[in-house]
Amino acid sequence: MIRIKKLVKKYPNGFLALDNIDLHVGKGEFIYLVGPSGAGKSTLLDVIFRSELPTSGDIYIDNFSLNHLKPAQVPYYRRNIGMIFQDYKLLPGRTVYDNVAFALRVMHYPRSRIHRHVSQVLELVGLSEKVNHVTAELSGGEQQRICIARAIVNNPPILLADEPTGSLDPETSWEIMQLLSKINSRQTTVLVATHNKSIVDDIRKRVVVLESGKIVRDKHFGTYDG
Amino acid sequence: MLNDIVFFLTEAVNGMRRSGMMIVISVATVTVSLLVFGIFLLVSVNITHLANFMASKLEIRVYLKDSVGESDVSMFRDRLRAMPQVKKLEYVSREEGWKQFQTSYPTMALGEMITQNPLPNSFRVFVVDDSQFVSFAKYLSSIEEYVEDVTYGDIMAERIQMLYRFCRYSGYILVGLLTMATLMIVMNTIRLTVIARQAEIEIMQLVGATNPFIRAPFLIEGFLIGVIGSLLSVGILRPMYSYLAIEFQKKVPFVPLVYDPVTLRYVYFAITGAGIFLGTVGAFIAVSRTLKTKY
Amino acid sequence: MLNDIVFFLTEAVNGMRRSGMMIVISVATVTVSLLVFGIFLLVSVNITHLANFMASKLEIRVYLKDSVGESDVSMFRDRLRAMPQVKKLEYVSREEGWKQFQTSYPTMALGEMITQNPLPNSFRVFVVDDSQFVSFAKYLSSIEEYVEDVTYGDIMAERIQMLYRFCRYSGYILVGLLTMATLMIVMNTIRLTVIARQAEIEIMQLVGATNPFIRAPFLIEGFLIGVIGSLLSVGILRPMYSYLAIEFQKKVPFVPLVYDPVTLRYVYFAITGAGIFLGTVGAFIAVSRTLKTKY
Amino acid sequence: MIRIKKLVKKYPNGFLALDNIDLHVGKGEFIYLVGPSGAGKSTLLDVIFRSELPTSGDIYIDNFSLNHLKPAQVPYYRRNIGMIFQDYKLLPGRTVYDNVAFALRVMHYPRSRIHRHVSQVLELVGLSEKVNHVTAELSGGEQQRICIARAIVNNPPILLADEPTGSLDPETSWEIMQLLSKINSRQTTVLVATHNKSIVDDIRKRVVVLESGKIVRDKHFGTYDG
């Protein structure tokens, strides 16, 4: 599904965030991306999501090299990827409903289908009651769950989750991870960058450890520490 | 498609509500700058009108030779009339001329002293294109078989002509400058409102919105700002001009202001058109610059 | 304290660098609107100047009774000179008057027919305050012991006077409107740049910054925007005006434009002052509104 | 140190976020504030920090009622409180150094002292290398640590930490919590709203549990679950 070859990302200020990454993610796989703060987890997800351009190297999605992606195709490409942003990136001043619906509106879904999908997904993340609240009126964890809802609302084949439980209590975190597992079990490829040791250790999956921009460990059915 | 249009419209309206104070401020700025633009237009329309009016008062006086008889006069009249430069023609017999001269200088007891009328017969000639006024006067004086002399208030005529041109050119320059100024101010204002929502636009890009999709509500918003701004400015300008025009007519009745509703309507249309055009184009440019990404 | 000032200055400069495009745009808007303001000021200064000039050409011609002898003439001259309304006085003897009349109407063979000079002695009187021109002329004609008749190009004089007033009033109105417009545009522009940084201001409040502390760099920024904008606009306006003034002097030499460096310097000072004032006050108002909190 | 009496917070949209809270926090105490997402933890800290006004009830700081606080005094009041915001609230476009230094500049510290303090505190949170980076160029965890550094740089007598380890890996989280403990041991009163079960369970302190705006449990030397 995702093949990453000799990927290097050097930020404009000269910082080398990804240093020669090679990674192969099969279709329907579930991967934890772990590593200390500043290791390059978000950068890797951003490069796959194409919100950052790689400095060199290749990323193939289903054998299509992202190097060949034209700017005008980027929005269509992104619609295949659900991204849970570390900083949520909610549209300011809009309601929970509008934020989630937006991801479907850009795809020209009819109103009734938008309504059905959004209601369902808000139910899943436990925000049905807040549907008409403006996002600024929500708690940190609630905002994070909107972001999750938006990422999964259109059933994308790839899901990139950057610290999806950072603002959630253990119980809600657990539910969200179960949700991601369920989505994964329907052949969605899932990459989760996380610091949540107990979740990584409890819901065992493949664990890729990044450190200073390099993959230092890659273990199926691994734990946070090894 | 209809779905999208409804969405874009509600997006635009909601976006404006959300940006609240920002939109109020930018509508105010657009209104004010269109107002200035409109005032300039009205002033320049009036100056042109005034200059036209002054120029239309210019006449060439063609004094005929005493030797020219009645039939020759009418032949010459036909000849003058056939000339394309001639707009209006008026024959002044020597008797009429003398009467006019006497009434023009009532303080001089000329009548008592001058027993013989010294003036020849003459034509008053008004030209079509006053820019050729002087050259045409000179040409007329060269028709020696009929013409004794030609006067055209030499210096005054030239001066009025020049003043006319001066006004017209200054008017062009000012309206040109002001059009550019209005353009810049309106577009800049709208750009500022768009830049303030740059983060929002970036998020939309991240969620898979295409550039036209992101642009549409902003275009509608710019359009609406233009519409509201221009309607407000016309709404202020129209009664203000009517009031001032009436006041001025009372004070300076001889200065011919523009009351012609057709001309005024053109001016108001120009303002509205400019507002709508600048609002929409401003939004387009502003969003396009913000949409430029690194991919 | 010095510590703080240095901090505020660097904050202001860094803030402007960070806001990059926004500051460029608002400086551009300020420049443009001050430019329009300046053009208006220059136009109105010139119109006033022109009107003054036209009015200064107004003269009252006082024709003396034939019975007034040489000594009476000089007595009357002294009397006229003593009047506060009189700016300039010129005696025209009947001989001079006749010569002037003949040269004014060269086409009329008057000299051949009129053997006796029909004109009386006269004074040309120029008044100080042309708004009292007509009433003063009427007063002069009431001095019956000396005065035979008074002419003052009745209608023309009144018209020029009225036109003068017209220009002056329109000038006042326009400059007034434009001052308000400039004020609004500049303040709005600066408000937009501040609103865009509302989040930043709120964070500063959260970190324990007092309102004056937050305001200071914004005031400096507004001040700098005003300074840069006004210097740019004066920098554009000055050479432009010089160039156009020279061009116009070539084309319409008789229209007296304002070249006087002192007057022009006032205009440029006014622009700079307006820019700096509006920038600073605009920033003050903008930040103060944003600083209003719920506590 | 902090006495909260019958505190009620109803947001303008009608949502009752804090429902009759009574809480006494002694000088030099360390309290975990836990509870599910949307329980009202952030609201409680915000009301203490006076970035939200209470609807009714009283908060006393050293016997001074916040109800008597005049708007002009709020900045001076806040300088006594270090706040680690859940969403960081870093000044955009500025460097790490400037963000941390700002908290001292508002208090008119001289340059040299600012420099010394900032360097020290950045060392403590492990960001010395990033001192001149703009905050947008940092990873989520790095941004969170700037926020922490800014909150503690002026040694405030009260420290409010809202989810201070949400974006940090377990090891860094541990270090940060040790730092907060150390600060606490110097008589600083510390309130930490957190979802981090392992930290609450490992570094045992008083635990206050919020649920739907009510305090449902308050236990010294408690754990996350009871």
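Note that the chains take the letters A, B, C and D in the order they are written out, and that residue 1 is the start of every chain.
Just so it is clear, a contact is a pair of C-beta atoms (placed from the backbone, for glycine too) under 8 Å apart; a residue touches a chain by one contact, two chains touch by 3 or more.
Keep in mind that what you see is a predicted model, and the values were worked out from it rather than measured.
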Chain whose average C-alpha position is farthest from chain A's own: C
For chain A paired with chain B, centre-to-centre distance based on mean C-alpha positions, whole Å: 61
Distance from chain C to chain A - Cα centre to Cα centre, in angstrom: 66
Where chain B and chain C are represented by their mean Cα positions, the distance between them in whole Å: 23
Category of the chain touch graph - line, ring, star, complete, other: ring
Touching chain combinations (by label order): A-B, A-D, B-C, C-D
Interfacial residue positions of chain D with respect to chain A in the complex: 11, 13, 15, 34-38, 41-43, 86-87, 133, 137-142, 145, 162-163, 166-173, 195, 197-198, 224
Chain C-touching residues of chain D, taken from the complex the two chains share: 49-51, 53, 69, 71-72, 74-76, 78-79, 83, 85, 89-94, 102-103, 105-108, 110-111, 150
Interface residues, chain C side, partner chain D - complex: 3-4, 7, 14, 18, 199-200, 203-211, 213, 293-295
Contact set on chain C toward chain B in their complex: 21-22, 25-26, 28-29, 32-33, 35-36, 39, 43, 63, 107-110, 112-114, 116, 118-119, 149, 151, 159, 162-163, 165-166, 169-170, 173-174, 177-178, 180-181, 184-185, 188-189, 191-193, 195-196, 244, 248, 251-252, 254-255
